[in-house]
Amino acid sequence: MTGAMRQVILIAAKDLRIEARGRQTISLVIVLGILIVVVLGMGLGAGRPVSGFAATAILWVAYLFGGVLCFEKTMAVERHDDALAGLLLAPVDRGAIFAAKLLTNVLLMFSLAAVVTPVAILLFRFDLSAHPLGFATIMALGMVGFAAVGTLFAAAVSSTRLEGGLLALLVFPLSLPVVIVSTQMMRRLFEQGEPLGSTGLATLVAFDVLFLVVSWVVFELVLEP
Amino acid sequence: MTRTAIQPVDATFTERAPAVRVQSLSKVIDDRPILHEISFEVPDGRYVALLGANGAGKSTLLKVLATLILPTAGEVFFFGRSQSRDTVGLRSKLGMIGHGAMLYRDLTALENLVFFGRLYRVADPGARARELLEYVGLASRADDPVKTFSRGMVQRVSIARALMHDPDLLLADEPFAGLDAPSRAMLEAFLERLHDEGKTIILANHDIAQSLALAGQVLVLRAGRLVVDRLTNGLEPDTILAEVAAS
Amino acid sequence: MSAARTILGSLYWVLTAALLAACLLMLLFYTPVEKTMGPVQKIFYLHLPVAINTFAAAFVVFVASIGYLWQRRMWWDDLAAAAGKVTVLFCAIVLLTGMVWGRSAWGVWWTWSPRLTFSLILFLLYVVYLMIRPSVESPQRRAAISAVYGIAAFIDVPLVYLSVKMMPDIHPSSIALEPEMKLTLAAWFIPVTLVMVGFLFARFRLNRRLRELGAGRAVPEVSGVQAIPLGESTP
């Protein structure tokens, strides 16, 4: 167990080090995220304060599109110069590779959110002040499940050479439950002032757990050099 | 199972199991048979040349041996242990050089080696990495990113990566492809030295003359079948060509 | 052998068509008209069996996908692809019949009610399943990716259901049915299920045939001289 943990941290640390060196993914993703926020914010009429509910919807779109880009990029690192083959040759459990990639993706998405959210609040006077903790909980739970699905399919499509649109096509419909649940929860939270309901949280957790388990089991079967 | 019973028992075999034993190995990819019923043995410490035209199945065979892809049928044994039973354990006995460098281009040579060393649980990966960089003549470039290296230098780092965990069996898939003459000579010398140190080497190559000069055993694949499996002593390239043509 | 198969196949379809016609007559002349909705309510007898069969087809995709990943036999992939087609077709019928119903019951073609949303997402999930298939060239990769997606999509279905339940609902959850209505509903399940199984099987056989033809074409490539090296990467 500790051995597996060690491998996960080792591989994730390697990915983050590569990312820190070029900062290619995170800068791209943040710019894309801000762009999405600006475009959608304009669409809703710039200058007017945007409700918390609309704000979360806009932010979700930014996180989802940014996330898909993260999944692609972290997998592309392994595709260069057959690096993945080197990783697969090593006595490393495939589950550890999945966990490491997931960890990297979640961290990247969290950093994306950490930058894009305040920018959006600043630009559009997004009002999340009513329930910042509820907002963060829902978003974090949603992102973990989304990243689990994304990490799995990024590995699956990365050897097909037509990653781009294909990955988004695969990941978005599967992630719709997360989007529906979190927007409904946000609506109750911000429009009706209800606390986080257990049904909504349970659905989000169920999504996370199911897709973490399935991705972890299936990952090995789609990973080919 | 009856196969092994019938086989004549060589004196060396009784002491040590062969480094590689492949039993009726087949691989089908996309409904096309890439490897068909391949069986051979490689004693410990032997230098083997794997020959064949492009598309004959050399790369696929090496990938199966390297545990990168699963065979459709048949079994592979390393040092007497079944590859399918003890995949993760046996991986630490294998090293591989391919045409891809299997390195992270944004990391430095040293970082790459240390990373892979840690994955293999090498005792002191930093020291081992520096030692190997010295060995391949790149000690001065240890802290430069791999992407700034020439093809020959990348290949040398790649060799160092394959040797980080001191593997008993080294698989090389067309390692000479795209190398200039000095790098080729250097790589030949490396492989020779590793062989002298007692490593088992399987080298896929399309240069017949070069292979025969280096190796002690030759395997020839044609359209997914093993058509030649013999020792090379005194063998001329023309003989091999004739055998391939006749088979 | 194949002649017997053809006869058996024709027999199957004749029987299915006859049952379908019988059910239609039953619907027109036997089943009573519902009071509040009027004759449009009768679309329900088609709607529900088709909806249930949509799940059945999606379940076949799920099982065949697991089968493929387990055994790596191509016929599992052919079965999954066939079931995917049937799922999309049936789900489209569910959506259309549902929309016709909604138009007369609520006066709108579309509303984001939980069950409509649910059907729409189910439809999208499996449309995507069909769309990704041709975009992956290597048959083996295609089968693997589709199988993973087929499993994920089916696991997604209950989650979609849970999530849409959080939305405000106007869909009837249960309708009081008279005995004649129940009988009609039960009767309709038979031809609809037969159509589903028939389509599935026909499509599966077609997929098998296409694959055999494709494999036949690939053979000379293997034995002949190949210019393309086996390894994926070129220096």
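Per-chain numbering from 1; labels A, B and C assigned in written order.
In this section, a contact is a pair of C-beta atoms (placed from the backbone, for glycine too) under 8 Å apart; a residue touches a chain by one contact, two chains touch by 3 or more.
Being a predicted model, the structure only gives us computed values, none of them experimental.
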item	value
Identity of the most central chain, Cα criterion	A
Reference subunit C; chain at largest CA-centroid distance	B
Distance between chain centroids, defined by C-alpha means - subunit A, subunit C (Å)	31
Where subunit B and subunit C are represented by their mean Cα positions, the distance between them in whole Å	48
Distance from subunit B to subunit A - Cα centre to Cα centre, in angstrom	39
Touching two or more other chains - residues of subunit B	98-100
Multi-chain contact residues (two or more partners), subunit A	81-82, 224-225
Residue list for subunit C, restricted to those that touch at least two other chains	138, 233
Residues of subunit C touching subunit B in the complex	72, 74, 138-140, 211, 214-215, 218-219, 221-223, 225-231, 233-235
Contact set on subunit B toward subunit C in their complex	29-34, 53-55, 57-60, 72, 98-100, 151, 173-174, 177-178, 223-224
Of subunit A, residues touching subunit B in the complex	7, 10-11, 14, 17-18, 21-22, 77, 80-83, 85-93, 224-225
Subunit A-facing residues of subunit B, complex	63, 66-69, 88-89, 91-92, 94-96, 98-107, 111, 115-116, 118-121, 145, 154, 161
Sites on subunit C touched by subunit A in the complex	69, 117, 121, 124-125, 128, 131-132, 135-138, 141, 144-145, 148-149, 151-153, 155-156, 159-160, 162-167, 232-233
